[in-house]
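Shared chain: subunit A. Partners: subunit B in the first complex, subunit C in the second.
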Partner chain A sequence: MSAFDLLMGVLLIASALAAVTLKNAVHAGLALVANFLSLAVVYFALEAQFLGWIQIIVYAGAVMVLFLFVIMLLFDAKADVGLDRLPWMRPLAAALAAAFFLALAYAFSGVGPVNPLADVKLGGGLPKALGGLLYGNWLYTVLLVAALLFAATVAAVSLVQPQIRKARVKPQVLERDRELEEVGK
Partner chain B sequence: MSYYLLLSALLFAIGLYGVLARRTAILIFMSIELMLNSANLALVSFARSSGNLEGQVMALLVIALAAAEVAVGLGIIVAVFRSRESTSVDDLAEFRG
Partner chain C sequence: MTTLIILFAVALLATFAGFFAPPRSVKIVTLLGMLTALVGLALTWGDRATAFGGLYVADAFSQAVTLVMVVGAILALLADCGYFERKGWPAFEYYALVAFAVFGGHVMASTAHLGVLIVGLEILSIPLYALAASRRDAAGYEASLKYFLLGAVAAAFFLYGIALYFGSTGSFVLGATGKGLVFNAAVLMLMAGLSFKTALTPFHWWTPDVYQGSSTPVTLFMATVVKAAAFAALARVLVAVGLTGPAFYAFAAIVLLTVFWGNLTAMVQGEAKRMLAYSSVAHAGYIAVALFGPNPAPAMGFYLLAYALSTGLAFAVLAELDDGAGVPLEKLAGLWGRSPLLALGWTTALLSLAGLPPLIGFWGKYLVFVEAAKNGQYLIVALALFAAVIAAYYYLKLLAVALFGKPVKAEPVKMSGSAPLGIALAAALVLLLGVLPGIAYGWFSAATVLIK
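Up next is the complex of A and B:
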């Protein structure tokens, strides 16, 4: 294990912890951006260069900007609202997460080593090597994902469509109604 | 045991803690993104350890799925906020309305 591995591990865990514990929602979002960027660096080290760039463009760029827009649109950036329904929720959540980590670590214990410095032929994870697979064996999966993205776009637009407003009543009509009401009295 | 796989398990557990402990829908959603990313790290590590590029192809597809999920999820959060004036998951515990 090299110094690079240790540094990236510390960065990833620290930014992830900040993203799930910070009280200010904008700060949490920015910590998540830091997490995604360090993950992209790890991808570069693990010979997944194309994936690393996609991670930066799609996640750190598009997805997180969307998140920050919605946070700033909806809140005054408070992460904690209301009261805890269960006062011991946080320790319970931490205990469950720790148990899940132990289970995952046990499940991974049989897998061989992943060494970023070893000589493995992955073509650097460049589009030249990935494209043959994406448009070969995985073609139908790619088409399905494209259909799903299209459906999700349509769903998102129709979800946030503004409500249909009632026809605007002219002020003259309101005035006449009020006068008629006064006459009626 | 592999270092990066252990790291991905730890990131997944941190994301799980976020999903359980956060009270606002949008922050729960951000923790889910963290969990998706840890799964991607595991896939890339598997590709690296077995010398097989298909793990990276799968990670690419997961990123595309996450983009679709973010579009729909944030749309739902904005729509819920319009009708309830809140995105706290405790306020959304009733079916009515």
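Up next is the complex of A and C:
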């Protein structure tokens, strides 16, 4: 494990922890941006350049900016998020996470790169190499992702559209009905 | 390939038909599409088709599971009618999302490639997160959010499992040889991710809240379609890696926990939908018992069909009684006097779920237990059988309330639209395939889980 690996690991874990624990929604969003950027650096280090740029442009750029806009439009930017209804869960979750980490660390102990990717020509992870793969062997997956995004759009639209309204009744009509009822008594 | 195209075309058609037709017409379009899918399945039954360089494989097992999913979707569509006539019709997206979920389930069932599997899993799940909130009240939103958050965590586990699987075998395709600790960790994580979707204990915590909070036709859909698709994927994964070593012990523990936890907690519930949710957890355990056998596909396919018909029937009856606030046991009281058809359906469904002969549920249980016994897993079979005997208690309790309970208001239940048709159809199938189980078993007997 090199110093770079260690540094990136610490950065990734710290920013992820900050994203879920910070009380201020905007701070949490910014921590998530930091997390995305660290991840992009890891991609670059793995010579996945296209993926790294996509990570920055799409996630850290477009998605997170939209996210921050929504947060700032919806709440007071200082709004507290994450009211903790089950505070006793926290130490339990931490203990379980630690156990999970140790188990995985044990699984990885003494294992080198199990399956070296040296024989795969990725051309520095640039679109030229990726395009052939995406529209060759992985075409089915690309098509399915298109279907997934379409289904997700339909789902999102169905979630946000307003309630199916009953026929709108004018206030004057309501008032008249009320008066008629009173007369009836 | 035919089925894949038909299912995708139905989803698209349902989406675009909604732009210029009222929701009820979209429902008919979706229903007709599902019937077309049935015809397509029947025409290609037993044919093996591969496409996209082997990423899509429609073999006998995938067809069996797809049959169960289409039947479940048809039941859900038929049962929704009375419910929504009273509650107000949902937006047309409801039907499009149902079609998309079935399409995703079919994708999941017809592949041995983990990358395709996770995309299929998401195509199945994302429509469901929205469907769970279709009733648009606090309980519905809670159900949807819970399902979404826990589903996202499960998907993360599954993805991490895929990464480890690739790291230890160098392949995304199931069946690659691998060994060592990293491989075991990968298998356990894949198992955990899919156990969530199949609602196996201890990954079932979402089930009761989501089943109770969703509108009843959606619950019907979840209990039948999602279970079938998730079990198809789980079977593909576990049979390909082989249930040996730590995976065997982990899975045996999960299955035994599931059958006991599901049945014991179902006993103390006071609401019918919640009770059936725990019953669905327990049934997931029985289906999983088949995975300990040498060739689980026929028994699993049969059990999934039996379970989809029985629990679909039970939820269809509940959909007629549910006014949006759930079905407390008192609401079931005196069902026989209020609506003989509902009472008949309810009785058939519960006796089939309890596993009494000559209903289809009995043969399902018989097949999965025999399957596991073929590999000498007598301890698991004996314990699961014991749990099934415990389960009879609460099924009979539900039945007794409906048959002998004194109703608060003895008014007849008004049924409307296509719901009676769905209930009659499902009840007839539960009876018919129970008396002649050979017919249904014949459909599944050629299935194998492994894709070579």
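By our rule, the second predicted complex is superposed on the first by the 132 of 185 C-alpha atoms of A that agree within 3 Å, B and C clash if a C-alpha of one lies under 4 Å from a C-alpha of the other, contacts with A are read in each partner's own complex, and residues count from 1 in each chain.
As a working rule, a contact is a pair of C-beta atoms (placed from the backbone, for glycine too) under 8 Å apart; a residue touches a chain by one contact, two chains touch by 3 or more.
Quantities reported herein were computed from a predicted structural model and do not represent experimental measurements.
K.L.:
Between subunit B (first) and subunit C (second), which does A:Ala156 come into contact with in this model arrangement: first, second, both, or neither?
P.N.:
In the superposed model, A:Ala156 contacts both subunit B and subunit C.
K.L.:
If we overlay the two complexes on their shared chain A, which of subunit B and subunit C does A:Phe108 touch? Say first, second, both or neither.
P.N.:
In the superposition, A:Phe108 contacts both subunit B and subunit C.
K.L.:
Who does A:Leu174 touch here: subunit B (first), subunit C (second), both, or neither?
P.N.:
Neither partner.
K.L.:
Would you check which partner chain A:Met72 touches, where first means subunit B only, second means subunit C only, and both and neither mean what they say?
P.N.:
Neither partner.
K.L.:
Which touches a greater number of subunit A residues, subunit B or subunit C?
P.N.:
B
K.L.:
Contact-wise, after the overlay, does A:Leu126 reach subunit B, subunit C, both or neither (first, second, both, neither)?
P.N.:
After superposition on chain A, A:Leu126 lies in contact with neither partner.
K.L.:
A:Val145 contacts which: subunit B (first), subunit C (second), both, neither?
P.N.:
Both: A:Val145 reaches subunit B and subunit C.
K.L.:
Taking the superposition on A as described, I'd like to know which of subunit B and subunit C A:Leu7 touches: first, second, both or neither.
P.N.:
A:Leu7 contacts neither subunit B nor subunit C.
K.L.:
Looking at A:Val58, would you say it contacts subunit B, subunit C, both, or neither? Reply first, second, both or neither.
P.N.:
first
K.L.:
Share the list of subunit A residues that count as touching for subunit B in one structure and for subunit C in the other.
P.N.:
104, 108-109, 111, 113-114, 137-138, 141, 145, 148, 151-152, 155-157, 159
K.L.:
Which residues of subunit A touch subunit C once you look at their complex with the stated criterion?
P.N.:
By the definition above, subunit A touches subunit C via 103-104, 106-109, 111, 113-115, 137-141, 144-145, 147-148, 150-152, 154-159, 161, 163-164.
K.L.:
Subunit B touches which residues of subunit A in the complex?
P.N.:
Those in contact with subunit B are residues 1, 5, 9, 12-13, 16-17, 19-20, 25, 28-29, 32, 35-36, 39, 42-43, 46-48, 50-51, 54-55, 58-59, 62-63, 66-67, 70-71, 73-75, 78-85, 89-90, 92-94, 96-98, 100-101, 104-105, 108-109, 111-114, 116, 120-123, 125, 129-130, 133-134, 137-138, 141-142, 145, 148-149, 151-153, 155-157, 159-160.
K.L.:
Which of the residues in subunit B come into contact with subunit A in the complex?
P.N.:
Of all residues in subunit B, those touching subunit A are 1-7, 9-18, 20-24, 26-27, 29-31, 33-34, 37, 40-41, 44-49, 51, 53-54, 56-57, 59-61, 63-72, 74-79, 81, 86-88, 90-91.
K.L.:
Subunit A touches which residues of subunit C in the complex?
P.N.:
Where subunit C meets subunit A, its residues are 8, 11, 15, 51-53, 55-56, 88-91, 93-94, 96-97, 100, 103-104, 107, 115-116, 119-120, 122-123, 126-127, 129-130, 133-134, 136, 144, 166-170, 180-182, 184-185.
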